[in-house]
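After this come two complexes, each holding chain A, first together with chain B and then together with chain C.
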Partner chain A sequence: MPLDHRRLRGPEESQPPELWAAGTGGVPEKEEEEDAAPQDPCALRPLFARAGLLSQAEGSAYVELGGGTKVLCAAWGPREAAEPGAAAAVGGGRLLCEFYRAPFAGRGARRRPGSAAERDAEREAAAALREALEPAVRLARYPRARLAVSALLLQDGGSALAAAISAAALALADAGVEMYDLVVGCALCRSPGPAAAWMLQPGEPEERRAVARLTVALLPALNQVSAVLGGGQGSPPDDWAQALRLGLDGCHRLYPVLRQSLLRASRRRDAAAAAATTTTA
Partner chain B sequence: MAALDPPLAPRPTVAGVPARSPRSLNGAFSPSPRPPPRRAVGGERAPARCRFRDGVASRGGRRLRTVEPLEYYRRFLKENCRPDGRELGEFRATTVNIGSITTADGSALVKLGNTTVICGVKAELAAPAVDSANKGYIVPNVELPSLCSTRFRSGPPGEEAQAASQFIADVIENSQIIAKEDLCVANGKLAWVLYCDIICLDYDGNILDASAFALLAALKNVQLPSVTINEETGLSEVNLKQKNPLIIRKHPVATSFAIFDDTLLIVDPTAEEEDLATGTVTIVTDEEGRLCSVHKPGGSPLTGAKLQDCITRAVTRHKEVKKLIDKVIKSIKPK
Partner chain C sequence: MAPPARYCVPGERLCSTEEATAGSGTYTRHGFIFSSLAGCLEKRSEDSGLPVVSVVRDAESQLLPDVGAVVTCKVCSINSRFAKVHILYVGSTPLKSTFRGTIRREDIRATEKDKVEVYKSFRPGDIVLAKVISLGDAQSNYLLSTAENELGVVVARSEAGVQMVPISWCEMQCPRTHTKDFRKVARVQPQFLQT
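Let's look at the complex of A and B:
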């Protein structure tokens, strides 16, 4: 691996302690499995969403899922496009997305920032994010401009991409970018086994063991799907159709929570602006 | 003009946030409490300052702030206060949230006013270096992603991030916060590596203070599983159920000052103040009132007397910070 001169170097190689937790380690995992009560496949984990919390970004949102997934997202409104040629050809604005995983976000080994594998994974996730958000943003209203969205995953407890999609849509709305609707993301997975059912919003252990994963992004008010991402072990098309329906249902149920957080954020902002003007008056 | 007027009994501006649920950050992201409006108590000069502030924060004042920021700031500094209502020696409200990232072995989120920094520590095992067979590793890494401010672009770490990482590495080295020998499991064979990743979520100045504070809080939160080397097979066995906290030997705390016009020193600068300043100084002290390091990357020269003032203020700040960390650590329920 080429030396990364910009970061402080530790040892060449290091392994997480879980690798050596041989005898004693295997058991706790199974205990976890049994402890978690057989989850209702249609149950949604509690979601906490808050918009408008960073001072330096024009719009920001923080989404936290019950299993521990924490995503922070910041968005910036229209700015001058860096390469006017390319944007003018397309005839609308451009949406630039970024997706970072914190090195301490995953349960296993620490991800080394700056490695090639890490960069590829980030690029893939950023492309997925863009795919899900583009249909919702009115890019035609911002010709020759670029809108930037940057998502940071602080802790991965399953359904990370879905949470990031919701957070990014909230952040864009918070920044005042014109959108057709909020995008709500929902993840599903299917565990191994012949008769396994699809499960909504899997936790981290379920996602690791899953043989098929799916992330659905929906514009609930318009009832239009903006992205379907995923794959895995094949199964009859009816199965996938059923999974899709389950995902869309989950998105519809999450929508009110996100709208509430956006309303609260704008109320807070109005109250702060009013307080500022009264002190000067 | 005296830099820091009679070291004021600094008003306690620190508060620990008892997170609603220790595993979630949903309490930590509320806007930091603004310093309460000061009343004339015990001979403090409050009322005149408030009146002055209201006069300038009008429409004309806002225009001045955009067009001539230095002039705008000078008007406030002449009255020994700052546009956001703080005194020259006053810190912004500090909040700490510990142990919220469960995938990391130790974590802490620190908010200094608007500046938000999160530190996650992950412990891994590696073979120690050949020339120091009984020492483990601590690898700090400060990241300033494009998320935290428009001045940073995405990609490999820029100058400021590299400088901050080096500063944190120096603090760890100079203050001996953890003895590397404590991290060694088996001489020459196995040692702990602590990867301390400090990510800035919101950049509003004074990143060094916040990072050092977050690092200290996260290290205090780390629980390492116990490792034993099996005598017969020579393999190591990790017991994830039995965890021990790290032995923190010293508690270094950093205090940053910005130098204005070569003469005036202000504590805890915001991003705007840092841009207008002619120099910065960061002082790191430990709990016995001893100096661990002074970081002064160029900028306007400083007389010995002013430096002494800074050190005194840093020692006071250390006591506040230590009290806050202790309070928060005690309030965490054991895992």
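Let's look at the complex of A and C:
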């Protein structure tokens, strides 16, 4: 038979690729087997934080948790309040928060992007963000002004709201807004089962199956809790208290990383300003 | 070489109130001074009393017009009862976003307040020096006043489009057409005039 030079000739025999795949499953169907090897409930996922990366916003921050939660947050300093509403009567400024979830954020998204349920969830997350950030910002120093914070969730790998809270606090501090303290967020969840323990910073599969979820926001230097968000069913009160303590401990352990990123951003900004003045002078 | 600057984050405890007094960018709580900004720590020693500790950011600090501050604004519309302005500068620092202000008819002049006509004091497009008298309540904007000799119109253009020259405290003249227009003119201090 004449040879067909336009075709690539493969091998005569073929074998299934799973024989050669690595032993530890990266395959999604193996999630249920992770229960057999329980993760350390107090282990924190590695956190990467960087402040001062966007040029179009006055302050910005990017927070990434190991395992695939990525949040980008931008903050703008005091602008004139558009409609002076009830808050102006109180005499302080207003903090406006927005939370957006990118359409490509979820793997196997629970809600269709753009649907009303998605928008409701975004609005709820924005209200939660505002509740967590308001105690930390010195609104009395900005009468009749409005501060805007906008968080964008790029990839959801669990603990998204906690990462967004930390990123928003970093962005506000980077924008030069006067604050009492940074806000650190930490998420917990409890899987179904009679003797299940609380787990810090759950991943996406654990969060989906969880029976109770909690997000704690803490002001570390002043040791004040600014928000406790979430809920669930079926635990005695001491269980919730223990969960709260676990969450606060997690926040205290995350604080040094956020503080370092903010200091580095300040140094970078000053170095850039010094370089700009020396080149123009 | 300047000593390495010490950077701090909001919420960082700087020192106790017995060692220093709190300056800008800091707040005190429980007898300690905490930082309120993410910036550089600055310690200035005052001759009288304790050194002053403050945190500065090299970027332009975001100023808000405060009561009693002299601001530079631009008139955007006038009415028989008030003039609406955009506040551009607070003191000598420009604002990143403009704030709105109102100059009421009775705040334009200090004397003969009932005989004032807004049309003869300001026109849209004038640059005015004014003083903030109130932050305003829920419904209104910043309230400004020009009831002093040093406050009022500094730059105005005539109908011909040429910058007018002040003749007296209530008149300005166009150098090209020699027509006189009424304005409430500011008597700018000589050190601020550039000749």
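Assume the second predicted complex is superposed on the first by the 237 of 281 C-alpha atoms of A that agree within 3 Å, B and C clash if a C-alpha of one lies under 4 Å from a C-alpha of the other, contacts with A are read in each partner's own complex, and residues count from 1 in each chain.
Please note the rule applied: a residue touches a chain if its C-beta (ideal position, glycine included) is under 8 Å from a C-beta of that chain, and two chains touch if they have at least 3 such contacts.
These numbers come from a predicted model, not from an experiment.
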item: Contacts of A:80 with chain B and chain C, given as first, second, both or neither; value: second
item: Partner chain(s) touched by A:145 [first = chain B, second = chain C, both, neither]; value: second
item: A:17 touches, of chain B and chain C: first, second, both or neither?; value: first
item: First, second, both or neither for A:179, with chain B first and chain C second; value: second
item: Comparison of chain B and chain C by chain A residues contacted; value: B
item: Touched partner set for A:241, first chain B, second chain C, both or neither; value: neither
item: Those residues of chain A which chain B touches in one complex and chain C touches in the other; value: none
item: List of chain B residues in touch with chain A within their complex; value: 23-26, 29, 31, 54, 57-58, 100-104, 107, 114, 116, 118, 120-129, 137, 139-141, 143, 145-150, 154, 156-157, 161-162, 165-166, 169, 193, 195, 197, 199, 201-204, 225, 227, 235-241, 271
item: Residues of chain A that touch chain B when the two form their complex; value: 4, 6-18, 20-25, 28, 48, 50, 53-57, 62, 64, 68, 70, 72-74, 76, 98, 100, 102-107, 109-110, 113-114, 148, 150-152, 154-157, 268, 279-280
item: Chain A residues touching chain C - in the complex, by the definition given at the top; value: 77-80, 84-86, 88-89, 136, 138, 142-145, 173-174, 176, 178-182, 219-222, 259, 262-263, 265-267, 269-270, 273
item: Contact footprint of chain A on chain C as seen in their complex; value: 5, 7-13, 25, 27, 29, 34, 36-40, 57-59, 61-62, 64, 96-100, 135-139, 142
